[in-house]
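Residue numbering begins at 1 within each chain, and the chains themselves are lettered A, B, C and D in the order written.
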């Protein structure tokens, strides 16, 4: 069963554990003739790499990606692309006590309950290191999108950290702060707040928003391959994510029909909307507006404050997770969310091309 | 492409339009030897049926389900089960103007942009009538679960309507009010509030919570077949849903690591937890706690207040959606959410049985 | 698990038993905007229907197909098409002894061993009646192919019956004989031979050849979605099929490399080949030549000569299968093979469109 | 689209080209707790490796497999297993003329027509080197089968080469000759015949038979996931295969119902059959008899005799394929066929476990 795969047409299978020899992604269904090289992917992996600022774990991971197949003379061939990232930092350290103890908030206990096997080396398959493979695959998707949807832009950032919510959405701002937040004022609040969290050896959650601008109208599909269904699955599959919202999200519950309606006018290039409560998706199909997704990441479970837990033999213990951890893993989830968005949007463009093709609708449909 | 299907092992494909001859679900992968008859499914269809109280649309739909295949002498045979619900209320009415106009908030415009075809009869495939087929399939799942997970209970209800939030979680209360809310006090607030909405010809959104009690520890799978991933997709695929939460949900963003930690103790039958911020899922795998999902339903888009829109030829119009509509579609989404939960949980039990089987873990794993 | 489904993009799920209320096919992934009505499908169902000549079973089956969804105002909508054929001849006859006995050569015993459930009414799900649903789905595929590959022609016929092998391939001859054989001389031999078989209450096997002319070069995909892989699966899934060949088939084993080579010249419209040992497929991808598939159907297992078998309780019995059976089921397998070819070819055209699109190769590739 | 994947539960995706940096297989869905190391897999890779006798190409390929993920402390973990084989012999040689010419019988021309990209280095993705990855994955399947079906034995060999057909089936004989044929007399004929072919710079086709002994009754599934359907697809997906047979195969066409019937008696451990025309499968489900598959491999297309072809620009050329080629590629297809059989049988055992479980039938069903 391909439970480590996602995507219908652009099919990505990730593999690998945090402390094994390597991890990576097998990408099947990539169109041929697209210029791709490892350097293009490295750009995104570097965005996800830890240790760029004091707000991230100070671990060193080279995260260099190699392309082992599916690219020939600088172009995709249409055959599976194998992306491999070797794990350079696999020193055999003393896992003695950790190996016997379940860390609260981690998947240690559920993997053990499911498989009866525990890869105690830093989380094994459940480690967030797996998301490096997603980012590499997302890099491929971005290159394909350049050829199929030239005006498309995918951009994300932190819009909430702990109690601090970003209100502005200035997407040109994201490169100016270490949180990729589209709100310069929020960036300042985050920095001060997170400094406190970090010094208290605590951690905090976050909300990430990812926006796709320039998505053609008409992609997505009823009723279990909806664009929003696939986005919800994509984002919820990221480590530590506990909620996903499209457009108005959970707040839609508090609105009346009048307040929630996005009115429609005819613009020069197709329909234009008075607002975007829908988040760019109606009935699972894109409207041509910005596709807007948000997801909440829980606070890092590894903290220095002692927490009660049990061992494999059922004895009570206190767990303190030492080591270098991100005080807010949400920050490094930004490029991961962007990668998932790129994969899902590309997937649905390919699907539309295959299943509908030129038989498209009249008003601003997909080319 | 099976975009109208969901589930890995227990695979449900729904088909049909709101005003065609019939709609239904094809269920492939149901284990053999499970007692099933149409009456068992009818119970759940009746729960979803409109017109039970003044808070629902007064349309009449018989919603009688027939089993056309896969059941012999009262037992499932292991072959596909075809469930058909005939549409009794298909009178040919004058759709003249509606057929040319896009209703704001509906999928009329995106279907048109995607397919160039519009089934204007009440929403066609994008109609919430499709969820009747899900409820029928969920009824099958419930019968199978009785044999595979005898202690399991799946129950849901409205936990928010407009500004009113339910705080209690007394699941024995849900049969006592028309909102299946687990909070008797909230029920009173909902009733009064919705009466006002209804009389104002408006509509309002809602949050539904669905809980699965007695889910065995160890079901789910890394990393794209996570239990929470599949639940997020299942709920987001329901009409009008804009957000999905597991456990703490979006609120996890505001917590610190200390506040979010579910501490673990050893109980007589396996691990017990001090709290359930995780919503019963760690690393995509069930912990044995209650699995808790919430989803937000936007307000009914069909309202009597005029809204600006365009026609197929791009001309501006004002749209007023007459007819009998639910003032809060969230109410009738409760049995739909329960059905999706039943399908997903069963699916993962079958998956676990196939992929892990007896090679399971030591502490309270799946039998 | 969708084990009752086939196809990647054009996805067909069949359901139903020989003596249940109905059987049919759910077709997901059909492009929109294609003119379809039940009459178009009926043409192919009538070709498969029994009792047309003395060489077929004299059972009466109306085999009338209804379209329950996915077609609106005479056009496909892009949503699932539900095709239903009601079983009219379900009289409750005395199955008393049959229900307890396993008929040699039938799936009675293996279904019992697998499921512990036996639908003894004429084979249940394993009955060849299931192929009526395939033929209906194939009818849809043919209509779509008219729009996507206008010059395509799919035609099949009996090329071997018992010891008699057809040598000619005059495909305009097939409508002139009850075996749809492309060899008039063979038709005469078949008729005389089968008359003897029929009168001896025996049965005989057959080989069917199905040819697709005008398949564009470049469809198919490495390495497990090869065009020939999918054709082999499609044909082997038909009841009673024991072998599948592409082009030279099993005879390729006896050839040398020189004899087997199809030499290539450049013609006015692309490459032309000196021969077609390859059966129109190289490396799993179409060459533009005729795609040629053959499959062998075993003799009808239901014969009047007594055969030794056992009962459900393990006692020895002699089985004589009375009733009206086809002396050569291979004849009625012809439209089934054609339907499978239509589905597979369409599926791969849609796949190519989605995954490769305009990025195609230079010499006579798919448009 | 996962067109480079096969299997339902035990899901194998192969990747890589003949002259890229590496090739391999991603195995998803392997049960946990199974002892596996690279040495176990190497045994089967060595069986497929070229250059063992004068009857095979004298190319050197190290074919050393590394396990990059999914195995921890010598046991499978239940997460994806990445198997990588580095290509050691990738010297940059002068492909100048080959790169512009299409070799008859090869996929050069169809890949070009499909993708507009040609990896001219030894066949690229269409090279038979891809089968090394299958053999590695098959090695994993064999280890799992040891735990799930202890008595199972999978064995194959050449049963036809050119005009020479093997009649004996002494499976203990296969290790005694370089053709793994179960007929010692045939081995002598093959050797003499192939020596002539080799010296004439020609090539020849072959038929391979693969048998699975000890397959439990009751695995397989109607009607598109039949055991024989999946075996037909698995074998037809191997390079150069043109035909697949189950049991009696194409010869079933020449039989009468009386001759083809496998009569049933009750033995001490379940049903026993008087013969095995069915090849161990009825209605797509195993009977408990030997599962018998045969497939025909065409003669190696690369021969020294000149053959007419065209260049990418459409000019006529004569092609002579120099280099070290197998005179009968069928020989090295034996371990590949065995690997596919192992994967398919394991896949269906896992499927049965998941979908039917303990609800199995009464007479000798799957445990």
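In the analysis below, a contact is a pair of C-beta atoms (placed from the backbone, for glycine too) under 8 Å apart; a residue touches a chain by one contact, two chains touch by 3 or more.
In this text the structure is predicted, and so the values were computed from the model without any measurement.
Q: From chain A, which chain is the farthest off, judged by mean CA positions?
A: Relative to chain A, the chain with the farthest C-alpha centre is C.
Q: Is the number of contacting C-beta pairs greater for C-D or for A-C?
A: C-D
Q: Hey, how far is the Cα centre of chain A from the one of chain D, in Å?
A: Result: the chain centres lie 38 Å from each other.
Q: Starting from the mean Cα coordinates of chain C and chain D, work out the distance between those two points in Å.
A: Between these chains, centre-to-centre, one finds 25 Å.
Q: Counting in whole Å, what is the centre-to-centre distance of chain A and chain C, each centre being its mean C-alpha position?
A: Measuring from centre to centre gives 45 Å for this pair.
Q: Two or more other chains in contact with one residue: find those residues in chain D.
A: In chain D, the residues touching two or more other chains are 1, 3-5, 8-9, 14, 29, 32-33, 78-79, 114-117, 125, 222, 351, 354-356, 359.
Q: Mind pulling up the chain B residues that touch chain D in the complex?
A: Residues in contact with chain D: 9, 29, 31-34, 78-79, 222, 350-351, 353-357, 359.
Q: Any idea which chain B residues touch chain A in the complex?
A: Counting only chain B, the residues touching chain A are 1, 3-6, 8, 14, 102, 104-107, 109-117, 125-126, 130, 160-163, 197, 202-207, 217-226, 228-233, 235-237, 239, 242-266, 271, 274, 277-279, 281-288, 294, 296-303, 305, 307-310, 312, 314-316, 330, 351-352, 354-356, 359-366.
Q: For chain A, which residues are in contact with chain D within the complex?
A: 1-5, 8-9, 11, 13-17, 20-24, 26, 28-29, 32-33, 66, 68-70, 72, 75-82, 84, 114-117, 119, 124-125
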